[in-house]
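Encoded as structure tokens, the structure appears first; notes follow it.
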Amino acid sequence: MHQYLYLIPALPLLGFLILSLAGKHLHKRVIAWIGAGTIGAAALITILLGIEFLQSPPASGAYTQLLWNWFSAGQLSVAVSITADALTLVFIFVITFVGALIHIYSTAFMRRDRDYARFFASMNLFVCSMLVLVMADNLVLLYLGWEGVGLCSYLLIGFWYETPANCHAANKAFYITRIGDTAMAIGLFLLFKELGSLHIATIIEQAPKHFEAGDTHITLIALLLLAGGIGKSAQLPLQTWLPDAMAGPSPVSALIHAATMVTAGVYLIARMHTLFQLSPVSMTVVAVIGALTLFIAGCSAMVQTDIKRILAYSTISQIGYMFLALGVGAWSAAIFHFFTHAFFKALLFLAAGAVIEALHHEHNIFKMGGLKNSMRVVFLTFLAGAASLAALPLVTAGFFSKDPILWYAWGAANGNPFLWILAIAGAFITAFYSTRLMLVVFWGERKTPVGDHPGKWMTVPLVILGIGSVAAGFIEWPHNLVHFTLFSEQVQKVLPAVVLKQNLPSELIFQGIAALVTFAGLYTGYVLYYSNKGILEGWRQSAALLAIRNFLLGGWGFDDLYHALFVQPFLFITRINKKDVFDRLYNGIAQANININRLLSLTQNGSLRWYIAGVLLGILFIITMQLL
Amino acid sequence: MNELQFEALLPFIVLAAASMAVILLIAFRMSHTVIQVAAFLMACLVIFAMWYVKDTLPQSVPPLFVVDGFGALFTGMIIFSMMAVGLFSYIYFEEREENPKEYYILLFLATLGAATLTISTHFISLFIGLEVLSVSLYALIAYLRNRNNAVESGMKYLVLAAVSSAFLLFGMALIYMETGSMEFERIAQSIKESSSSVLFSMGFGIMVVAIGFKLALVPFHLWAADVYQGAPSPVTAFIATVSKIGVFAVLLRFAQSVNLPQYPLVISIFSVIAMASMIVGNLLALRQQNIKRLMGYSSIAHFGYLLVAFLPGNAAGVEAAAFYLLAYSITLLAVFGVISVLSTRMKDAEDLVIYKGLFHKQPILTAVLSICFLSLAGIPLTAGFIAKFFILASGVQQNLWLPVLVLVITSVIGLYYYLRVISTLFAASSSTGTTAKTLHPFFYISTYIALIVMMLLLFWLGIFPGRAVEGIREFLLIR
Amino acid sequence: MPSFTVHTVLIVSAVLFVLGLIGVLTRKNVIFMLISVEIMLNAAGLAFVAAGAKWQQPDGQVMFLFILAMAAAEVSIGLALVLQIYHQHKTLDVENITALKDEAVDEMV
Amino acid sequence: MILVWLIAILLIGGTLCWLLAQWNKVFPKWIALCATVAGLVLMVWLCLQYKNSGDGAGSEWFINYRLSWIPAFGISFHLALDGLSLVLLLLTFFLGILSVLCSWNEIKEKHGFYFFNLLWTLAGICGVFVAMDLFLFYFFWEVMLVPMYFLISIWGDTNRRYASYKFFLFTQAGGLLMLLSILALYFIHAQQTGIYSFDYFDLLHTSPGASTAKWIMMGFLFAFMVKLPVVPFHSWLPDAHSEAPTAGSLILAGLLLKTGAYGIIRFVLTLFPQQAQAFGWWAMLLGAIGILYGAFLAFAQTDLKRLIAYTSVSHMGFVLLGIFAFNEIAMQGVIMQILTHGISTGALFVMAGMLKERLHTRDINQMGGLWTAMPFMGGAAMLFTMASLGLPMLGNFIAEFLILIGAFSASAALTVLATLGLIFSACYALRMMQKVFLGPATVTAPLKDMNVREWVMMSALTIGIIVLGLFPQPVIDMVKGVVGALVD
Amino acid sequence: MNLLFYISSFVAVAATILAITRFHPVHALLYLVVSFLAAAMIFLSLGTPFIAVLEVIVYAGAIIVLFIFVVMMLNLGKDTALQEKNWLRPKVWAGPCLLVLILLVEMIVLLLNAPDVTMHITVVDPRKVSLSLFGEYIIALELVGFLLMAGIVGAAHIGKQKKKILHRFLN
């Protein structure tokens, strides 16, 4: 199967080409088949490839396919070459499989949209780019995918471009991720300068020989790459774009802004783990950023009213967990959390999309309610997703993936109690807002009549994903419970295993605490939003609490801060210099010439006497010159 | 005077005789057309005579003249310019004056004066040549005496020319006092021998007034625009070409004879004058709305450029100057030819407004005019570029960085007003149509042909200047 | 025979020359201007004659003769112009004969 | 001889256009199209020949044609072709065809004269790319100027006179200083060897004193920097670009600016290697400033063509940065940038022209939501906007990436500064996209999407930019010899 | 004879000053005649009797008469004098005079810088002048003929008065 590796990104690309060039003239059904079909085919190939990989792993640990030499100038030689090792396969699987489900969902979800073809074209292009990102065997190609997904994200956030707000959101997403990308590009330059290559395998191999641990250069490189990851993955301090990015259609949020693209940063760091390992400082930075982000975003998620924004902040927060895991060196845990997160978060977005569509594009959760019975399938799947998000112990995938992270946050060699505290606080918050979401949306009285019920093309993906959100966790059990570790076994072919501290308390204690915290979160949510709503009413009276609420609602004021700090000065500079100061300089020169012309014109006054005076001045000048 | 000398002077004698012949023709009450044709034939005769004497050069006619390649070259340019001016004069004067015939006498006489200058080697011939030229010009400038501007410009020119002649004479007298001779060669010898040259340099300094006046160099330039505007267009062309070629030729000859560039003082005076001319000329023209005045200002600047070629005092400089004069006179003649053609009996076509959108009405004239202005601006494919290039080359060769830089900067400024004219030509058309003329088509056709030939000449000189440069070099070697 | 120094003669002619120049510069009547020009020419002629005398050559005198002729020709045309000017302008005041000059440019074509 | 033909085709074609325009108004278009297509065919054939002759074989000159011109001054009609020239000529004819096509319906009057000017500009540009005699180079340098001036001043927009003056005066000022430098070099060479020659290969071995060489180099550099344009001297560009007719903007952005880059590569670097090296840091600084400054100004503009024009300033900053980094990677990037910027910005200008044709305005505040009416144009615009901000897969990315990665080893700090340009390029590009094609629809009049002719043009440009983005190696190989020789 | 030179020089300068300061044209011309006569005396003292005679005949005679003729013809009298009188205020003449005087001083300083040579005057008689004139300078003489012809033709053309003074298209 591996000789068809190239088909995995090529099929979506083909879909994109057909749809973008001929989309206008195709029937919607054809479009749907092409759009979803290509991804589905890619998913099929991936699954077959995965089976082949598991059965007979390649000697080098990766399938590699050289497509063509991209460019080589001087010592820089870059090939369009794709590779698939265990890490990549995880990502490919998520991208194609979840992607295919989302595509299928979209065929129904977008059925009324005028730009049906454009949507699928963009989605296919996105899948293609994302696949290129994860399959690239060198950083330039990775960067291609990296920017490609950025473009698609931009296109899809602004899919309904006629609303200016959507365009602004799209632009914002592009700008902010571009900042990270630029830092990453600088990182690539530095990397190339130091190592003379951008081939990932070469870098991984050469870096330990070339750099000493803690070298300034390697730290710098790692931090710059990290900046790229932060931008893409919406981590502190570049997280502000993601909540706004919810302006796009729900499948887009599911695919791009939950399951795949936003985890590109995780992929990058995991992929370049050697560099990070060489730089303890950068590892710490990754962990701290992850921990802070998960907490800050989680807090914001607690008070949001827009269903998609809740999920968006939740996504930021969950990716924070992944970063935390990466930062403490729990590589496979991070990837595993990515894996499960893809399922349940995609599910949540899709379900939310179904709810929103059913309620006539109502986003505010407090105008929903009581959907438990009227939207049965959606409710059940949403429940599965929310439970997984809240990491309900043992029965959900989220538990299996989040629990190790909590454990390693303390227990890994790089771990630290403070990180753990933040992570555990995050777990509480997560459980709380999951409960809040569920209770407000599905319980209580009905506030908006239900319109369209989702059809089977929408529910089937939901169900599959729902199953995934529960079952995906079973491929990796904690060591101390069942010790079934299929996932980490595979991933650890690529990524190093986590190093634990000495003399740790039992893991079970931590699991217990985590479970307790989760339940505490659930209970708090239950109390505040179901059993005793009066408390909340009481809090609403307090100005201080309201201020805090608004502060959290606005995402901790980052937007305002950046607006004042960067956007305003930039706009100011561009506005005052719209007319180009240099233009003024040259116009000044021209004006000076004209003024001299005016002065000289005065000498041409037509008076003969004056002209003779000119002669006199001339001769005076000449004679004076001779005297001197 | 032996036969060879006589032969050498033949072109000049024919020129003089031509003026007499015109008088005779007038006496026999011949029509304008006849006189025009006869004048043309006589001009051809002059050229024929020059061809005839070509092999006898160089021929010295002591003490006044030497007819050498240098003289022949500049005389050739003068005769050529005169023929062009004569051609344009017909259509210009035919509809203005009942009596345009004396004009041709004066034209021949002025040409004779200018031509005499080119072969002068003596103050007396210099002076007489200059005065024949000037006196004829007074009359030519004021020829359309019923137009107020004509007499005004004639009067201005006359008074200023007379003052400058007085300066010239005074300067000559001082030099004569110092050296005891008025012959260039002997002056040179005498200075070489004598210890002091105070009177000489003072005398030359005073003479510069006259030269500067004739060449319209700053600060003796103030007349230029007024006279250019007031004089009839063909006469303006004549002043701009023939009189300046003559004066510049004699300046070059004198400078070479007494080796002026050895005097740092002279060089510094001339470089100041050159730079001032370039700057003032170009800046004055910047917003000028009258195309004849504009040409006046531009000529100030151009002779400033020309002085940069004069400054080094080497062979390359002389070649450059000769080529520049050639290119410049062709260009100017074509410009004034177009102005003459467009002039109506009411008014000369001097306001730029008249030229607005000319491209739509008169594509050929527009093409000629724009090529001319591009040439003046020194844009490649035209002679003006090669000419400017040669001048820059001779300046750079002698490390005259300051004048050369000023040249470059001012020619950029100058570009502006040339472009202004060109873009006016191609602007959207204005409604005023030119009145149809009712003249003999032969003269129209010949004028157009002449203009087109001049345009092609500009191209030829601009693209294949090699032959012309070689020719100039060959001529200059005959001495 | 008398003998002067070069300086003396030249200074005399220079003074005459400069007086002529003052005349041209200060007067505004065309006729006075022409008169002053004649003074200048005469001064230049004086210098020539003196130079000829210094070298005991006839050249200076010949030059004077030519200056004389030139002055005559110039004056004749000059006076003809004066007549025309007077007929057309009814004045000989050069300050009033300034139709030809740079005009203020407001709008450029 | 083939090079002479190449130029002659354009010159003769141009003249025919003018002469035959009286006869039939349609003739000029077709003649111009035929001439440019013939040129392109010739170029493609030459390319194949070049490939077969074993490309990248050092700095060997593929074609070297020499004819005496003005022997008195040692001036010869010397044309030569190497990989660099070949690539640039290809671009010239490619954009040449497009410029003819995009003028197809835009020009309403004076067809003959228009196409005359168009073809003569192209001829001048061709000449610049192959002239190997410095005098001849200067000659062509100016020849391309005059017809361009006419294109702007006759067929331009409302403010065309101002723009055309500015364009002409700036370039002429630079050109004349270059002429002085050429002359100085010529005389120094003559002093040293006794041979008067303007030939590039002769002057290559001239070694003026260090300080003299610095000044002479400055003369050259000034001319090229004005043309490129580098920031303090860029002031002519926005005006010229925005006022010119579409084809004019296309040629200006696509080709004319490239002559500046070509000049620096061909003359400054080879004639004054040490001095150029010494100036390198400052030039890179100017490049970096240009990138940022251009981007800032582009962001502020409301005039679509002006906006695009300022992006050119920004992009040309990369060129300067890359050239003076003095290494092979950056230099390759520069050549890629020359090509890709020609295509991408050219395409944007073509697009602006199409919009102008439909909406009769260049003000982006009066546009918006055009995607709905013109999805294909919107798609194309998106593509080229993305190209402009350096999205991978498209050619500009290769160029900018190579330049930056190459420049990084020369000066890390300046490269970082320049890389920030990527952020700001996103700002202006997306703003343009949003103002024009996205947002609520403001134009109520029915708009036609691209017609067949426009389709052909945009497809050609699209294919060009994508092919350069995915398969840039042939170009890199073609100029490898030249670049290798340069950075040694 | 030296004395003659100095006296006549003084007279010439004085008469010239008077000539350029008179308001009435005829007065000025008469002073000019005096100045020319004094110049003739200078020529005499310089040993050039021929020129002295020509100065009297042509300059003081013919040319001045021409002037007077024109003055009379145009009837320039009191009006002109008044006009000039009103015009010639110190404000007007002081500036030019100052500049010209500076010029004079500079010229004199320069002249004094030149080596001083005593001229030994011998009479160069008309015969010698004529021989020179009709010998080596014969072509110049002929050219002067053309010069005068130009003057005559020009004066004849310009001096012609048309009946209509206005330009024809004005009526």
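The letters A, B, C, D and E name the chains in turn, as written, and every chain counts its residues from 1.
Heads up, the rule we're going with is that contacts are C-beta pairs under 8 Å (C-beta built on N, C-alpha and C of every residue); 3 or more make two chains touch, one makes a residue touch a chain.
For clarity, every value in this text was computed on a predicted model and none was experimentally measured.
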Other chains in touch with both chain C and chain E: A, B
Between A-B and A-C, more C-beta pairs in contact link A-B
Looking at C-alpha means, what's the farthest chain from chain A? E
If you average the Cα atoms of chain A and of chain D to get two centres, how far apart are those centres in Å? 38
How big is the gap, in whole Å, between where the Cα atoms of chain B centre and where those of chain C centre? 25
Chain D to chain E, mean C-alpha position gap in Å, rounds to 69
For chain A versus chain E, what separation do you get between their C-alpha means, in angstrom? 100
Indicate the residues of chain E shared as contacts by at least two other chains. 96, 100, 103, 107, 110-111, 114, 137, 140, 144, 147, 150-151, 154-156, 158, 165
What positions in chain D touch 2 or more of the other chains? none
What are the residue numbers in chain C that touch two or more other chains? 6, 10, 14, 20-21, 24-26, 28, 33-34, 50, 52, 54, 57, 59-60, 62, 66, 70, 73-74, 77, 81-82, 84, 88, 94, 97-102, 105
Inter-chain touches occur between A-B, A-C, A-D, A-E, B-C, B-D, B-E, C-E
Chain D-facing residues of chain A, complex: 20, 24, 68-76, 80, 118, 140, 143-144, 146-148, 151, 154-155, 158, 161-164, 167, 170-171, 174-175, 178-179, 181-182, 185-186, 188-190, 192-193, 570, 573-575, 577-578, 580, 582-583, 585-586
Parts of chain A lying in touch with chain C, wherever the complex brings them together: 601-602, 604-609, 612-613, 616
Going by the contact rule at the top, pick out the chain C residues touching chain B in the complex. 6, 10, 13-14, 17, 20-21, 24, 30, 33-34, 37, 40-41, 43-45, 47-48, 50-52, 54-55, 57, 59-60, 62-63, 66-67, 70, 73-74, 77-78, 81-82, 84-85, 88-89, 94, 97-103, 105, 108-109
Residue numbers on chain B that touch chain E, as the complex places them: 1, 9, 16, 19, 61-65, 99, 102, 105-106, 109-110, 112-113, 116, 124-125, 128-129, 131-132, 135-136, 138-140, 142-143, 145-148, 151, 154, 178, 195-196, 198-199, 202, 345-346
Residues of chain B touching chain A in the complex: 155-156, 159-160, 163-164, 167, 201-202, 205-206, 208-209, 212-213, 218-223, 225-226, 265, 268-269, 272, 280, 283-284, 286-287, 413
